[in-house]
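So that we are looking at the same thing, I have put the structure below in C-alpha coordinates.
Chains here go by letter, A, B and C, matching the order in which they are written, and residues are numbered from 1 within each.
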Amino acid sequence: MHRIFEISTSGPGLYEITRDVAGWVEGEGVLTLFVRHTSCSLVIQENADPEVQTDLAAFFERLVPPSDDASMSYLTHTYEGPDDMPAHIKAALLPTSLQIPVVEGRMMLGTWQGIYLFEHRRRPHRRLVVAMLR
Amino acid sequence: MHRIFEISTSGPGLYEITRDVAGWVEGEGVLTLFVRHTSCSLVIQENADPEVQTDLAAFFERLVPPSDDASMSYLTHTYEGPDDMPAHIKAALLPTSLQIPVVEGRMMLGTWQGIYLFEHRRRPHRRLVVAMLR
Amino acid sequence: MHRIFEISTSGPGLYEITRDVAGWVEGEGVLTLFVRHTSCSLVIQENADPEVQTDLAAFFERLVPPSDDASMSYLTHTYEGPDDMPAHIKAALLPTSLQIPVVEGRMMLGTWQGIYLFEHRRRPHRRLVVAMLR
(Lines give C-alpha, C1' and ligand atoms only; values in the text may rest on other atoms or scores of the structure.)
Protein backbone atom coordinates (compact mmCIF):
# COMPACT_ATOMS: atom_id res chain seq x y z
CA MET A 1 0.00 0.00 0.00
CA HIS A 2 1.65 3.21 -1.14
CA ARG A 3 0.75 6.67 -2.34
CA ILE A 4 2.48 9.83 -3.53
CA PHE A 5 1.65 13.17 -1.91
CA GLU A 6 2.34 16.39 -3.80
CA ILE A 7 3.23 19.55 -1.87
CA SER A 8 3.59 22.96 -3.52
CA THR A 9 6.10 25.19 -1.78
CA SER A 10 6.73 28.93 -2.13
CA GLY A 11 10.01 29.58 -0.36
CA PRO A 12 11.93 28.27 2.67
CA GLY A 13 10.06 27.08 5.74
CA LEU A 14 7.85 24.33 7.12
CA TYR A 15 4.67 23.09 5.42
CA GLU A 16 2.43 20.90 7.56
CA ILE A 17 1.13 17.66 6.01
CA THR A 18 -0.10 15.86 9.15
CA ARG A 19 -3.80 15.95 8.20
CA ASP A 20 -3.27 14.64 4.66
CA VAL A 21 -1.21 11.73 5.94
CA ALA A 22 -3.59 10.98 8.85
CA GLY A 23 -6.46 10.73 6.35
CA TRP A 24 -4.63 8.09 4.35
CA VAL A 25 -3.22 5.65 6.94
CA GLU A 26 -5.22 2.66 8.16
CA GLY A 27 -4.77 -0.63 9.99
CA GLU A 28 -1.47 -1.39 11.71
CA GLY A 29 2.15 -1.16 10.65
CA VAL A 30 4.97 1.29 10.16
CA LEU A 31 4.39 4.30 7.93
CA THR A 32 7.39 5.42 5.89
CA LEU A 33 7.39 8.90 4.33
CA PHE A 34 10.17 9.49 1.80
CA VAL A 35 10.91 12.75 -0.02
CA ARG A 36 12.29 12.33 -3.55
CA HIS A 37 14.50 15.43 -3.50
CA THR A 38 17.90 16.54 -2.18
CA SER A 39 17.01 20.17 -1.37
CA CYS A 40 14.13 19.76 1.06
CA SER A 41 13.49 17.56 4.12
CA LEU A 42 10.82 15.93 6.27
CA VAL A 43 10.65 16.72 9.99
CA ILE A 44 8.44 15.97 12.96
CA GLN A 45 8.07 19.11 15.07
CA GLU A 46 5.90 20.95 17.56
CA ASN A 47 2.53 21.81 16.05
CA ALA A 48 1.27 24.21 18.75
CA ASP A 49 3.14 27.51 18.43
CA PRO A 50 3.95 28.61 14.83
CA GLU A 51 6.94 30.53 16.24
CA VAL A 52 8.68 27.18 16.72
CA GLN A 53 8.63 26.67 12.96
CA THR A 54 9.91 30.19 12.27
CA ASP A 55 12.70 29.79 14.82
CA LEU A 56 13.67 26.41 13.39
CA ALA A 57 14.04 27.83 9.88
CA ALA A 58 15.98 30.80 11.30
CA PHE A 59 18.42 28.50 13.11
CA PHE A 60 19.18 26.47 9.99
CA GLU A 61 19.56 29.64 7.90
CA ARG A 62 22.28 30.76 10.35
CA LEU A 63 23.92 27.34 10.63
CA VAL A 64 24.11 27.03 6.83
CA PRO A 65 24.16 30.54 5.30
CA PRO A 66 23.74 31.15 1.54
CA SER A 67 26.84 30.43 -0.51
CA ASP A 68 27.35 34.12 -1.29
CA ASP A 69 27.94 34.71 2.44
CA ALA A 70 31.64 35.29 3.19
CA SER A 71 31.73 32.38 5.67
CA MET A 72 30.73 29.95 2.88
CA SER A 73 33.37 31.01 0.35
CA TYR A 74 34.90 27.50 0.39
CA LEU A 75 31.87 26.06 -1.44
CA THR A 76 32.40 25.15 -5.10
CA HIS A 77 28.91 24.01 -6.22
CA THR A 78 27.44 27.51 -6.57
CA TYR A 79 26.16 27.81 -10.17
CA GLU A 80 22.58 26.82 -9.29
CA GLY A 81 22.21 29.85 -7.00
CA PRO A 82 23.32 30.85 -3.48
CA ASP A 83 20.53 28.78 -1.87
CA ASP A 84 21.34 25.53 -3.73
CA MET A 85 24.38 24.02 -1.99
CA PRO A 86 23.10 25.15 1.46
CA ALA A 87 19.87 23.32 0.59
CA HIS A 88 21.83 20.11 -0.06
CA ILE A 89 23.66 20.55 3.26
CA LYS A 90 20.38 21.05 5.14
CA ALA A 91 19.00 17.98 3.33
CA ALA A 92 21.91 15.99 4.80
CA LEU A 93 21.40 17.41 8.32
CA LEU A 94 17.63 16.81 8.35
CA PRO A 95 15.64 13.65 7.54
CA THR A 96 14.91 12.46 3.99
CA SER A 97 12.46 9.93 5.44
CA LEU A 98 10.29 9.51 8.52
CA GLN A 99 8.96 6.33 10.14
CA ILE A 100 5.88 6.41 12.32
CA PRO A 101 4.19 3.41 13.97
CA VAL A 102 0.47 3.08 13.13
CA VAL A 103 -1.92 1.29 15.51
CA GLU A 104 -5.67 0.86 14.95
CA GLY A 105 -5.58 3.19 11.97
CA ARG A 106 -3.86 6.05 13.77
CA MET A 107 -0.28 7.30 13.75
CA MET A 108 1.29 7.04 17.21
CA LEU A 109 2.29 10.72 17.21
CA GLY A 110 2.55 12.52 20.53
CA THR A 111 0.11 15.32 21.32
CA TRP A 112 2.45 18.05 20.10
CA GLN A 113 3.96 16.29 17.11
CA GLY A 114 3.15 17.41 13.57
CA ILE A 115 4.62 16.24 10.24
CA TYR A 116 6.21 18.89 8.03
CA LEU A 117 7.90 19.21 4.68
CA PHE A 118 10.86 21.56 5.27
CA GLU A 119 11.59 23.49 2.05
CA HIS A 120 15.16 24.79 1.68
CA ARG A 121 14.91 26.51 -1.75
CA ARG A 122 13.66 30.04 -2.45
CA ARG A 123 11.86 29.46 -5.74
CA PRO A 124 8.48 27.67 -5.81
CA HIS A 125 8.75 23.89 -6.06
CA ARG A 126 6.40 20.93 -6.45
CA ARG A 127 7.62 18.29 -3.98
CA LEU A 128 6.81 14.57 -4.05
CA VAL A 129 6.57 12.50 -0.87
CA VAL A 130 6.15 8.73 -1.17
CA ALA A 131 4.09 7.16 1.63
CA MET A 132 4.24 3.42 2.26
CA LEU A 133 2.56 1.45 5.04
CA ARG A 134 3.89 -2.05 5.85
CA MET B 1 3.79 -6.49 17.61
CA HIS B 2 4.40 -3.24 19.44
CA ARG B 3 5.21 -1.95 22.89
CA ILE B 4 5.76 1.33 24.69
CA PHE B 5 8.90 1.91 26.76
CA GLU B 6 8.91 4.55 29.48
CA ILE B 7 12.16 6.36 30.31
CA SER B 8 12.49 8.77 33.25
CA THR B 9 15.03 11.51 32.63
CA SER B 10 16.63 13.97 35.05
CA GLY B 11 18.33 16.56 32.87
CA PRO B 12 20.15 16.73 29.53
CA GLY B 13 22.25 13.81 28.33
CA LEU B 14 22.11 10.25 27.03
CA TYR B 15 20.15 7.44 28.71
CA GLU B 16 20.94 3.94 27.45
CA ILE B 17 18.01 1.65 26.61
CA THR B 18 19.82 -1.06 24.63
CA ARG B 19 19.22 -3.82 27.15
CA ASP B 20 15.49 -3.13 27.55
CA VAL B 21 14.98 -3.19 23.80
CA ALA B 22 17.18 -6.27 23.28
CA GLY B 23 15.06 -8.16 25.82
CA TRP B 24 11.90 -7.43 23.86
CA VAL B 25 12.79 -8.14 20.21
CA GLU B 26 12.37 -11.60 18.70
CA GLY B 27 12.21 -13.31 15.32
CA GLU B 28 13.14 -11.38 12.18
CA GLY B 29 12.22 -8.00 10.80
CA VAL B 30 12.93 -4.32 11.17
CA LEU B 31 12.61 -2.75 14.60
CA THR B 32 11.30 0.83 14.64
CA LEU B 33 11.76 2.95 17.77
CA PHE B 34 9.79 6.21 17.77
CA VAL B 35 9.89 8.90 20.46
CA ARG B 36 6.59 10.74 21.00
CA HIS B 37 8.14 14.10 21.92
CA THR B 38 9.70 17.14 20.22
CA SER B 39 12.28 17.98 22.87
CA CYS B 40 14.30 14.74 23.07
CA SER B 41 15.80 12.35 20.52
CA LEU B 42 16.92 8.78 19.90
CA VAL B 43 20.51 8.07 18.88
CA ILE B 44 22.77 5.12 18.25
CA GLN B 45 26.20 5.82 19.68
CA GLU B 46 29.38 4.29 21.03
CA ASN B 47 28.70 2.31 24.18
CA ALA B 48 32.28 1.76 25.34
CA ASP B 49 33.63 5.02 26.78
CA PRO B 50 31.10 7.17 28.72
CA GLU B 51 33.15 10.25 27.75
CA VAL B 52 31.77 9.90 24.22
CA GLN B 53 28.28 10.57 25.60
CA THR B 54 29.45 13.54 27.66
CA ASP B 55 31.30 15.02 24.67
CA LEU B 56 28.28 14.52 22.42
CA ALA B 57 26.00 16.42 24.78
CA ALA B 58 28.67 19.15 25.14
CA PHE B 59 28.92 19.57 21.36
CA PHE B 60 25.16 19.99 20.93
CA GLU B 61 25.00 22.40 23.87
CA ARG B 62 27.55 24.59 22.04
CA LEU B 63 25.97 24.19 18.61
CA VAL B 64 22.55 25.15 20.02
CA PRO B 65 23.05 27.33 23.13
CA PRO B 66 20.17 28.26 25.48
CA SER B 67 17.90 30.99 24.16
CA ASP B 68 19.14 33.45 26.82
CA ASP B 69 22.59 33.27 25.23
CA ALA B 70 23.35 36.43 23.22
CA SER B 71 23.97 34.42 20.04
CA MET B 72 20.38 33.11 20.13
CA SER B 73 18.66 36.48 20.56
CA TYR B 74 16.79 36.00 17.26
CA LEU B 75 14.63 33.24 18.76
CA THR B 76 11.00 34.16 19.50
CA HIS B 77 9.62 30.99 21.13
CA THR B 78 11.18 31.60 24.55
CA TYR B 79 8.32 31.63 27.07
CA GLU B 80 8.71 27.93 27.99
CA GLY B 81 12.24 28.53 29.28
CA PRO B 82 15.72 29.05 27.78
CA ASP B 83 16.16 25.31 27.14
CA ASP B 84 12.86 24.84 25.27
CA MET B 85 13.42 26.16 21.75
CA PRO B 86 17.01 24.79 21.68
CA ALA B 87 15.46 21.41 22.59
CA HIS B 88 13.18 21.62 19.54
CA ILE B 89 16.15 22.50 17.34
CA LYS B 90 18.17 19.55 18.67
CA ALA B 91 15.10 17.34 18.11
CA ALA B 92 15.19 18.40 14.44
CA LEU B 93 18.95 17.77 14.13
CA LEU B 94 18.84 14.34 15.79
CA PRO B 95 16.59 11.34 15.06
CA THR B 96 12.98 11.04 16.24
CA SER B 97 13.01 7.39 15.17
CA LEU B 98 15.53 4.59 14.70
CA GLN B 99 15.33 1.50 12.49
CA ILE B 100 17.37 -1.58 13.27
CA PRO B 101 17.31 -4.89 11.38
CA VAL B 102 16.59 -7.93 13.58
CA VAL B 103 17.81 -11.40 12.60
CA GLU B 104 17.26 -14.60 14.64
CA GLY B 105 15.92 -12.59 17.54
CA ARG B 106 18.88 -10.21 17.77
CA MET B 107 19.34 -6.62 16.67
CA MET B 108 22.09 -6.33 14.07
CA LEU B 109 23.95 -3.68 16.09
CA GLY B 110 27.70 -3.42 15.68
CA THR B 111 29.93 -4.27 18.64
CA TRP B 112 30.22 -0.65 19.78
CA GLN B 113 26.66 0.50 19.07
CA GLY B 114 24.25 1.27 21.90
CA ILE B 115 20.74 2.76 21.76
CA TYR B 116 20.15 5.97 23.73
CA LEU B 117 17.39 8.39 24.53
CA PHE B 118 18.96 11.86 24.26
CA GLU B 119 17.18 14.25 26.66
CA HIS B 120 17.38 17.95 25.76
CA ARG B 121 15.34 19.47 28.64
CA ARG B 122 16.61 20.35 32.10
CA ARG B 123 13.59 19.43 34.20
CA PRO B 124 12.77 15.75 34.86
CA HIS B 125 10.57 14.16 32.18
CA ARG B 126 8.84 10.84 31.59
CA ARG B 127 9.51 9.92 27.95
CA LEU B 128 7.56 7.44 25.84
CA VAL B 129 9.22 5.39 23.09
CA VAL B 130 7.04 3.25 20.82
CA ALA B 131 8.71 0.05 19.61
CA MET B 132 7.30 -1.85 16.63
CA LEU B 133 8.74 -4.94 14.94
CA ARG B 134 7.60 -5.76 11.39
CA MET C 1 15.35 -11.05 3.05
CA HIS C 2 18.56 -9.40 4.16
CA ARG C 3 22.14 -8.99 3.03
CA ILE C 4 25.35 -7.37 4.22
CA PHE C 5 27.27 -5.02 1.94
CA GLU C 6 30.97 -4.38 2.56
CA ILE C 7 32.47 -1.01 1.64
CA SER C 8 36.20 -0.29 1.83
CA THR C 9 36.97 3.33 2.60
CA SER C 10 40.25 5.26 2.34
CA GLY C 11 39.64 8.52 4.17
CA PRO C 12 36.81 10.97 4.79
CA GLY C 13 34.18 11.56 2.13
CA LEU C 14 31.23 10.01 0.31
CA TYR C 15 31.31 6.57 -1.33
CA GLU C 16 28.39 5.81 -3.64
CA ILE C 17 26.62 2.45 -3.23
CA THR C 18 23.43 3.13 -5.23
CA ARG C 19 24.19 0.61 -7.97
CA ASP C 20 25.05 -2.24 -5.59
CA VAL C 21 21.83 -1.73 -3.66
CA ALA C 22 19.69 -1.30 -6.80
CA GLY C 23 20.97 -4.64 -8.08
CA TRP C 24 19.82 -6.40 -4.93
CA VAL C 25 16.30 -5.08 -4.28
CA GLU C 26 13.23 -6.75 -5.78
CA GLY C 27 9.46 -6.86 -5.37
CA GLU C 28 7.72 -4.33 -3.13
CA GLY C 29 8.36 -3.07 0.39
CA VAL C 30 10.54 -0.75 2.38
CA LEU C 31 14.30 -1.12 2.12
CA THR C 32 16.24 -0.44 5.33
CA LEU C 33 19.99 0.19 5.13
CA PHE C 34 21.78 0.16 8.50
CA VAL C 35 25.46 0.88 9.11
CA ARG C 36 27.03 -1.09 11.99
CA HIS C 37 29.46 1.64 13.06
CA THR C 38 29.51 4.86 15.09
CA SER C 39 32.11 6.76 13.03
CA CYS C 40 30.52 6.77 9.57
CA SER C 41 27.02 7.49 8.22
CA LEU C 42 24.61 6.80 5.38
CA VAL C 43 23.21 9.70 3.35
CA ILE C 44 21.04 10.27 0.31
CA GLN C 45 22.48 13.10 -1.75
CA GLU C 46 22.71 14.63 -5.20
CA ASN C 47 24.42 12.26 -7.62
CA ALA C 48 24.95 14.68 -10.52
CA ASP C 49 27.79 17.06 -9.62
CA PRO C 50 30.67 15.50 -7.60
CA GLU C 51 31.35 18.98 -6.17
CA VAL C 52 28.22 18.57 -4.04
CA GLN C 53 29.89 15.67 -2.26
CA THR C 54 33.15 17.58 -1.77
CA ASP C 55 31.27 20.61 -0.43
CA LEU C 56 29.21 18.44 1.94
CA ALA C 57 32.33 16.88 3.44
CA ALA C 58 33.92 20.36 3.70
CA PHE C 59 30.90 21.74 5.57
CA PHE C 60 30.91 18.95 8.15
CA GLU C 61 34.69 19.25 8.59
CA ARG C 62 34.14 22.92 9.54
CA LEU C 63 31.07 22.26 11.68
CA VAL C 64 32.92 19.56 13.64
CA PRO C 65 36.68 20.25 13.47
CA PRO C 66 39.31 17.73 14.65
CA SER C 67 39.70 17.54 18.42
CA ASP C 68 43.19 19.10 18.24
CA ASP C 69 41.57 22.29 16.92
CA ALA C 70 41.45 25.00 19.62
CA SER C 71 37.66 25.33 19.31
CA MET C 72 37.23 21.68 20.33
CA SER C 73 39.41 21.79 23.46
CA TYR C 74 36.41 20.87 25.64
CA LEU C 75 36.37 17.31 24.24
CA THR C 76 37.63 14.58 26.58
CA HIS C 77 37.46 11.44 24.40
CA THR C 78 40.62 12.15 22.41
CA TYR C 79 42.94 9.15 22.86
CA GLU C 80 41.77 7.41 19.65
CA GLY C 81 43.03 10.33 17.53
CA PRO C 82 41.86 13.85 16.64
CA ASP C 83 39.36 12.51 14.06
CA ASP C 84 37.68 10.02 16.42
CA MET C 85 35.32 12.05 18.63
CA PRO C 86 34.39 14.36 15.70
CA ALA C 87 33.49 11.18 13.78
CA HIS C 88 31.11 10.15 16.57
CA ILE C 89 29.53 13.63 16.53
CA LYS C 90 29.06 13.49 12.75
CA ALA C 91 27.58 10.00 13.17
CA ALA C 92 24.97 11.53 15.51
CA LEU C 93 24.22 14.43 13.13
CA LEU C 94 23.88 12.20 10.04
CA PRO C 95 21.79 9.03 9.53
CA THR C 96 22.81 5.60 10.80
CA SER C 97 20.01 4.09 8.72
CA LEU C 98 18.04 4.90 5.56
CA GLN C 99 14.57 3.79 4.53
CA ILE C 100 13.57 3.75 0.87
CA PRO C 101 10.22 2.55 -0.54
CA VAL C 102 10.57 -0.12 -3.26
CA VAL C 103 7.87 -0.58 -5.93
CA GLU C 104 8.00 -3.12 -8.78
CA GLY C 105 11.58 -4.01 -7.94
CA ARG C 106 12.88 -0.44 -8.02
CA MET C 107 13.77 2.01 -5.27
CA MET C 108 11.56 5.11 -5.43
CA LEU C 109 14.59 7.44 -5.51
CA GLY C 110 14.21 10.80 -7.22
CA THR C 111 16.20 11.46 -10.40
CA TRP C 112 19.04 13.20 -8.55
CA GLN C 113 19.18 11.00 -5.45
CA GLY C 114 22.11 8.65 -4.84
CA ILE C 115 22.92 6.52 -1.78
CA TYR C 116 26.28 7.11 -0.10
CA LEU C 117 28.34 5.82 2.76
CA PHE C 118 29.84 8.91 4.43
CA GLU C 119 33.19 7.99 5.99
CA HIS C 120 34.33 10.22 8.89
CA ARG C 121 37.67 8.56 9.78
CA ARG C 122 41.04 9.16 8.12
CA ARG C 123 42.48 5.65 8.23
CA PRO C 124 41.18 2.98 5.81
CA HIS C 125 38.16 1.06 7.14
CA ARG C 126 36.03 -1.89 6.06
CA ARG C 127 32.40 -0.84 6.66
CA LEU C 128 29.39 -3.16 6.96
CA VAL C 129 25.91 -2.09 5.86
CA VAL C 130 22.97 -4.37 6.60
CA ALA C 131 20.19 -4.26 3.98
CA MET C 132 16.73 -5.61 4.77
CA LEU C 133 13.62 -5.51 2.59
CA ARG C 134 10.22 -5.96 4.26
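Assume a residue touches a chain if its C-beta (ideal position, glycine included) is under 8 Å from a C-beta of that chain, and two chains touch if they have at least 3 such contacts.
Because the structure is predicted, anything quoted here is derived from the model rather than measured.
Asker: Going chain by chain, each one touching the next, work out the least steps from chain A to chain C.
Answerer: Counted as steps through touching chains, the separation is 1.
Asker: Do the two copies chain A and chain B share over half of their interface residue numbers, or under half; same or different?
Answerer: different
Asker: Need the CA-centroid distance for the pair chain A / chain B, whole Å please.
Answerer: 20
Asker: Enumerate the residues of chain B that touch no fewer than two other chains.
Answerer: 30, 63, 93, 95, 99, 134
Asker: Going by the contact rule at the top, pick out the chain A residues touching chain B in the complex.
Answerer: 29-30, 43-46, 49, 51-52, 54-56, 58-60, 62-63, 93-95, 98-101, 103, 108-110, 112-113, 134
Asker: What residues on chain A touch chain C, complex-wise?
Answerer: 2, 30, 32, 34, 36-38, 63-64, 74-77, 85, 88-89, 91-93, 95-97, 99, 128, 130, 132, 134
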